[in-house]
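Shared chain: chain A. Partners: chain B in the first complex, chain C in the second.
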Partner chain A sequence: MPVVTIDGLPISVEPDTLIIQAADRAGIEIPRFCYHPDLRPEGNCRMCLVRVKGFARLTPACTTPVADDMVVTTAHADDEVRRASRGVLEFLLINHPLDCPICDQAGECSLQDFYMHPDYGLHHSDVESREKVRKRKAIDLGSVYLDSERCVMCSRCVRFSNEVTGAGELQFVHRGNHVELVAFQDRALRDPYAGNLADLCPVGALTSRDFRFKRRVWFLHHAPSVCAGCSTGCNVRIDYTERGIERVVPRRNPFVNRSWMCDEGRFSYQTVSQLPRVTTPLTREGEDLHPVSWEQALACARGAFSLPRRGEAAVIGSPMATNEALWGLQEYARNMKDPVALEFRSTSADPDVEARLDELLLHADRAPNSRGAMMLGMGASDGLENIAVRAEQGMIDLALILHYPPVVPAGQPDLDRRVTALARLVRHARFSIVLTNADEDWWHAADVILPVASWSEEEGTYTNFNSTTQHVACGQDPPGEVRPAWRALLDLLASVPAARRYGSAQEIFDRGVAAMPAFDGLRFDTLVSRHATVYPPEGRTSYGQEGFAGR
Partner chain B sequence: MTKVLSQNAEFADQTTLAGAESRGAYDGLRHALEQSPRDVIQEVAESGLRGRGGAGFPTGRKWGFLQFDPARPPVLLCNGDESEPGTFKDHWLLARDPHLVIEGILIAAHAIRAQDVFLYIRGEYESLLPLLMGALEEARAAGFIGPDVLGTGRCMAITVATGAGAYICGEETGLMESLEGKRAYPRVRPPFPAVRGFAGRPTVVNNVETLANLPWIMRRGAAAFHALGTEDSPGTKLVSLSGCISRPGVYEVPMGYPLSALLENEGGGPLPGRHLKAVIPGGTSVPILTAEEVATVTIDFESMRAVGTLLGSGGMIVFDDTVSMPHALRSISHFYATESCGECTPCREGTGWMAAIVDRLLDGGARKDDLDRLLRIGGNIEGRTICGLGDAAVQPVRSFVLKFRSEFEALLRDTIPRLEPDWQAHGHGPRTARRGAVGEEARRSEAVTGRPTYRW
Partner chain C sequence: MDRKDSPVVDVTERAQALGAGVTGMAAGFAVTLRNLVRSLPGRNTVTIQYPEQRKPYSRRFRGVHVLTLREDGRLKCTACYLCATACPAECITIEAGEDPDSAVEKVATQYEIDLSRCIFCGFCVDACPEEAITMSREYDLATEGRRSRLQYDIDALTHRPEIVAYGAGYRPHMQYPLVESYLPTEVARSSSPDDSSDS
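This part shows the complex of A and B:
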């Protein structure tokens, strides 16, 4: 492997690595605007110029591959490079409106971050604001707003649109310092991935319509998570405050979603926050369901568990559930007398978790954990619809159902089917217990309702379409008396002597889930540490949001 | 003086194939086709021919970089964009001896084994097209172009493309983007065109004049060509002479010819009663020479380099004592500011900034340290851009300011000292009068964008 020396530090990297990537790996900061690890380098901003020994001129670190024995010096160690970086930053600022006080990017803006760095910025302005080239402001492009004056012409957005999604909706017009980014006739972008533009823009030129003026970014708390919108499992970061989730942005994972996510997934947090919730346990008294304490509800449900049974029991999971919750269901089924129908599928066919909706990210399966459910052996019966038929024939004594509505509108057809079957099951089973996060009509015939956490309210794991198991952290407190599903399930089993008693999602994963052959001894800690696919290196400046963890 | 390029240019029928052939046109091509491509490259390398597009890169060496790969056949681009201010020799050649250029193109295409050739003509040269298309049609009918050139089995096709009037389309990678139908944003090198150029194929870009030398070299041999001119700059040079001179025009002179002799003999000296002040020797992108320097240089790559300038395109612009250097610089700086493609930061922002400073030197509102500021900005552009336009924009600014500093300093006499901090300009105090300018600018930009701009 070639060994390149950057600022005196020898770094050994694979051939064809770019200097900037080698530096990132070694934790040496090279400032940049146009470079993005998931776009083809274009080398237009000139912020990353470095000196390579033997080269006549300074060279962009983002377009120059390393070679063996290459000696590179950066702005931290070389006066000329420092002058070059300072010069570029000064150029970028002369026509910038400096409207940080009303700019949404403030706090995560590469211009701000680099200006505050003594090696590149902190200079006095050499121009007066009346001398600046004026451009257009606040152009509404649908999911993003364009403020041309703030644009640094790095072309990340253009390259994203051309290379990543192929939408090709953005282009530069004019020449010289009048160059301006435009969308054709200012029409709203139709790219279903356009929300990414706001993330990848290193400055405040493209900002998210959804997040605009909502919160200053320095008030946000962050939780690494995984999108629940489909079986892709895009890595996301939940940005939340005491008010709840403020936005969801992609987290870079080169193996799953690179730096992107689809807009449906991005805005799925709205579905989650607007969901009508059930926040207290309910039990049946005659015709009606009444709020009760967890203890009362659990006592009632536990009674049903030990009731003598003539027919079948149905334990129904959901592909929206975490592996830990599904494991809880399994544990419940395992401790029951046979026959038990353990199921999460609507029909007897396995869901097609690999069917793609496009060439980029989206999968047709609108649940995050169908693969996990399959790997856990949840599909052991003949499908929910057949079970509902047996219930109607009076063959189901006890039904335990875990249910979540999908987080994206596209999941609706699936949901309708599922809910129809669940309604039949609940109506005809002799006794039914429902664990759910949503207040929905179909379960009004059930006997016990246990309120469980939604996506983002509990820790756990999902397994995506290609069997990658990923950790989701808890992004906000659940409302009311809501409990994580795995805890509610273990609580239900508290009186069963043979049931295992685990105290956390981590314990369930390590001792329960990971013991299943399909999970092959994975460790929860490892999954958590995989959040470390950080770009840029942890603790460094923002570089326009590609990397999220640890900030 | 031996003429390589212009020997037949004065014949009226030279633009027709019959006329041109009567004076030996396409003999060079026949000669080249008898040799292997490798031998042609060898011959051109031995002739010492250097590119006439600006950089003076040895043509044979440039061709030698190509790696032949049948999966990605090489492409030849003939650069007729000729947008360098003060340069009009390619137009002159194409208008007077189109078959010479076509023959040169075909020889080069044979040498690099290119089947596809593009002749890129700047948009403003539209009026050349009928003549050029006629000449190409004649050449095709005579079997010089087509699927089987002169019965050798070689296939060569020439496509004429026009630009839309942007200087940057003359920069070789910008030209490729333009040909591919895109905005002419130059490409970062590496990869170099010889490896990955037009449409991802190995590509050679040569200037019109460069290629027009080839027929002569093929007919007379490398040694004869090398005997012309100087050791390091063999051959002749077409000079576009313009500005304050009695007989402006295109002249072919041997390399090594004294610049002062050109001005006196070919150019007929200064206009009556005027005195030479300065000459830009290679298009506005090269440093200007003072009258004293002009007296010492000869027209070739080394001599120009020795006095700190470049032969460039050979576009020589003469300034006499009536010219105000700041006014001339204003015009030049605005050229670069409007022609910067806007891709890379230093050139995009820096050229506009320099032009604005030159403006305020002339229009009032300059600051005491504006000359140093110009030089400082130039230093932040030079060597830090994607293509050569950034460097080119700096050369006139720096050389004008350094060599004619007194003229610029005279403009600084009545400047207003700058107030710190900046916002005072918009508050009360001595600068209140300027606020009109803010309003004026805002009104203007409203008129352009149809949207209100805000100010504080």
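This part shows the complex of A and C:
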């Protein structure tokens, strides 16, 4: 492997690695606008100039591959490079409107960051504001706003649109000082991935419409999480304040979603926050459901254990649930007398978790953890609809149901069938306990309702379409008396002998879930520290590299 | 340690000069008597009859805030949140919204200072890049309830009559006039957007 020396630090990297990638790996900062790890390098912004020993001129670090024994110096160690970087930044700022007070990028803007760095910025500008070239501002392009004055012409957005999604909706027009980014006739972008343009833009030229003027970014807290919109499991960062979730942005994971996520998933947090919630436990008294304390509700639900059993018990999971919650359901089933029907599917057919909706990210299965439910063996019966039929024949004594409505509203043919079957099951089972986060009609015939946390309110793990198990962090506190599903299920189990009492999602994962053969060898803290762990499915040993090399 | 560097004031010599016992006591009471005579009615009194009488405060006094306006009476503030970021008491709440004027783009739709938390440090005024917030010399804030009057919204921060009564207070660069910002007293109330929406 070639060894390249950057600022005196020898770094050993694979052949064809770019200097900027080698520097990133070694933690040496090289300023950049146009370089993006998931786009083809173009070398147009000239911000990443470095000196390579033996080269006649300074060279862009983002287009120069390393060679063995290459000696590179950056702006941190070389006066000429520093002068060049400062000059490039000064050029880029010549026509910049300096409207940071009204710019949503402020706080996460490369121009701001680099200008405040003594090696690249802090220059004195002689350009007065009346001399600047004025361009069009605040152009509404659907999911993003375009401000051409702030643009540094790095072309990340153009390349994203051409290379990644193939939408090709953006282009530069005019020359010199007057270059401007345009979309055809300022029409709204139709690309279902256009929300990424706002994250991609290193400056404030493209900003998110959804996040426009909502919060200054330095007030946001961050929680690394995973999107629950489909079985892809895109890595996301939940940005929240005390008011709740403010935005969701993709988190780079080269093996799953690279740096992107779809707009449906990006805005799914709105579905979660607008959901009509059930926030207190409810129990049945005659015709009506009445709010009670957790203790009363749990005592009422536990009472169902001791009822004499004649027929079957049904334990129904949800592909929207975390592995930990599903494991809790299984533990419940294990502690019951047979026969128990353990199920999460509508029919006896397994959901097709690998069916894609497009070539980029979206999968047809709109639940984040169908694969996890399958790997945990939740689909051990003949489907929810058949269980409902048996309930109507009076064969189901006890039903324990965990259900979440999907976080993306569109395209769910299976959902209606599932909810109809659940309604039938609840109506005809002798006693039914429902754990859910939403106030919905179908469970109004149930006997006990336990309110559980939505996506972003509990910690846990999801397993995506290709068996990658990923950690989901908690981004906000659940409302009212809501508890995480795994917590509620363990509370329900507390009186059952031999029940294992775990205090956290981590404990359940390490001692419960990871004990299942399909999850063998996984550790919760590795999932947390890597944010995602690739778990190779059978017959394939290196999914990750294969997925990464594809683009 | 050298006595001159010490922050402690050494009064030994002064005390000795006054003498001990009756002499010292007499000297002390002489001061009291002198001030008693001085403050007899009709003479130069130290005490004033507050609140009927008031002392003038410094032009740099840090009293209740004032939000400045544009020439046409609209709010100068664009909700950049620098004041809220600088505020050590976290008493400034701002909501930003779209400004009808596309050249301005962004405006504060809600701006509230919780004066029950404010410590009048003036950091917000220092942080503001556009002189959109300054201070007045208004200082008497006593109210009968904590929640009744101490949360000042945009209207109170721009159009309360006290601004005229007390006058402008601290802002950075006081030696220069305000640039493209106007104190509410300088802009006719009738042109404010609140009024135009009422009519």
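One rule holds in what follows: the second predicted complex is superposed on the first by the 529 of 551 C-alpha atoms of A that agree within 3 Å, B and C clash if a C-alpha of one lies under 4 Å from a C-alpha of the other, contacts with A are read in each partner's own complex, and residues count from 1 in each chain.
We adopt the following convention: a residue touches a chain if its C-beta (ideal position, glycine included) is under 8 Å from a C-beta of that chain, and two chains touch if they have at least 3 such contacts.
Only a predicted model underlies this, so the values are computations on that prediction, with no experimental measurement involved.
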| item | value |
| --- | --- |
| Which superposed partner A:E287 touches (first chain B, second chain C, both, neither) | neither |
| Touched partner set for A:D338, first chain B, second chain C, both or neither | neither |
| Touching partner for A:C100 - first (chain B), second (chain C), both, neither | second |
| Partner chain(s) touched by A:E242 [first = chain B, second = chain C, both, neither] | neither |
| Which superposed partner A:W218 touches (first chain B, second chain C, both, neither) | second |
| First (chain B), second (chain C), both or neither touched by A:R57 | first |
| Partner chain(s) touched by A:E359 [first = chain B, second = chain C, both, neither] | neither |
| Touched partner set for A:V179, first chain B, second chain C, both or neither | first |
| Greater residue coverage of chain A in the superposed arrangement, chain B or chain C | B |
| Partner chain in contact with A:K137 - chain B first, chain C second, else both or neither | both |
| Chain A positions touched by chain B in one structure and by chain C in the second | 137 |
| Complex contact set, residues of chain A against chain B | 41-47, 49, 57-58, 60, 63, 83-84, 87-88, 90-92, 94-95, 124-131, 133-137, 152-153, 171-172, 174-179 |
| Residues of chain C touching chain A in the complex | 78-82, 85, 96-98, 102, 104-106, 129-130 |
| Chain C-facing residues of chain A, complex | 99-102, 106, 137-138, 212-214, 216, 218-219 |
| Partner chain A, residues of chain B touching it in the complex | 166, 168, 183, 185, 188, 337-346, 348-353, 356, 373, 379-381, 383-386, 420, 422, 425-426, 434, 437-438, 441-442, 445, 449, 451, 453-456 |
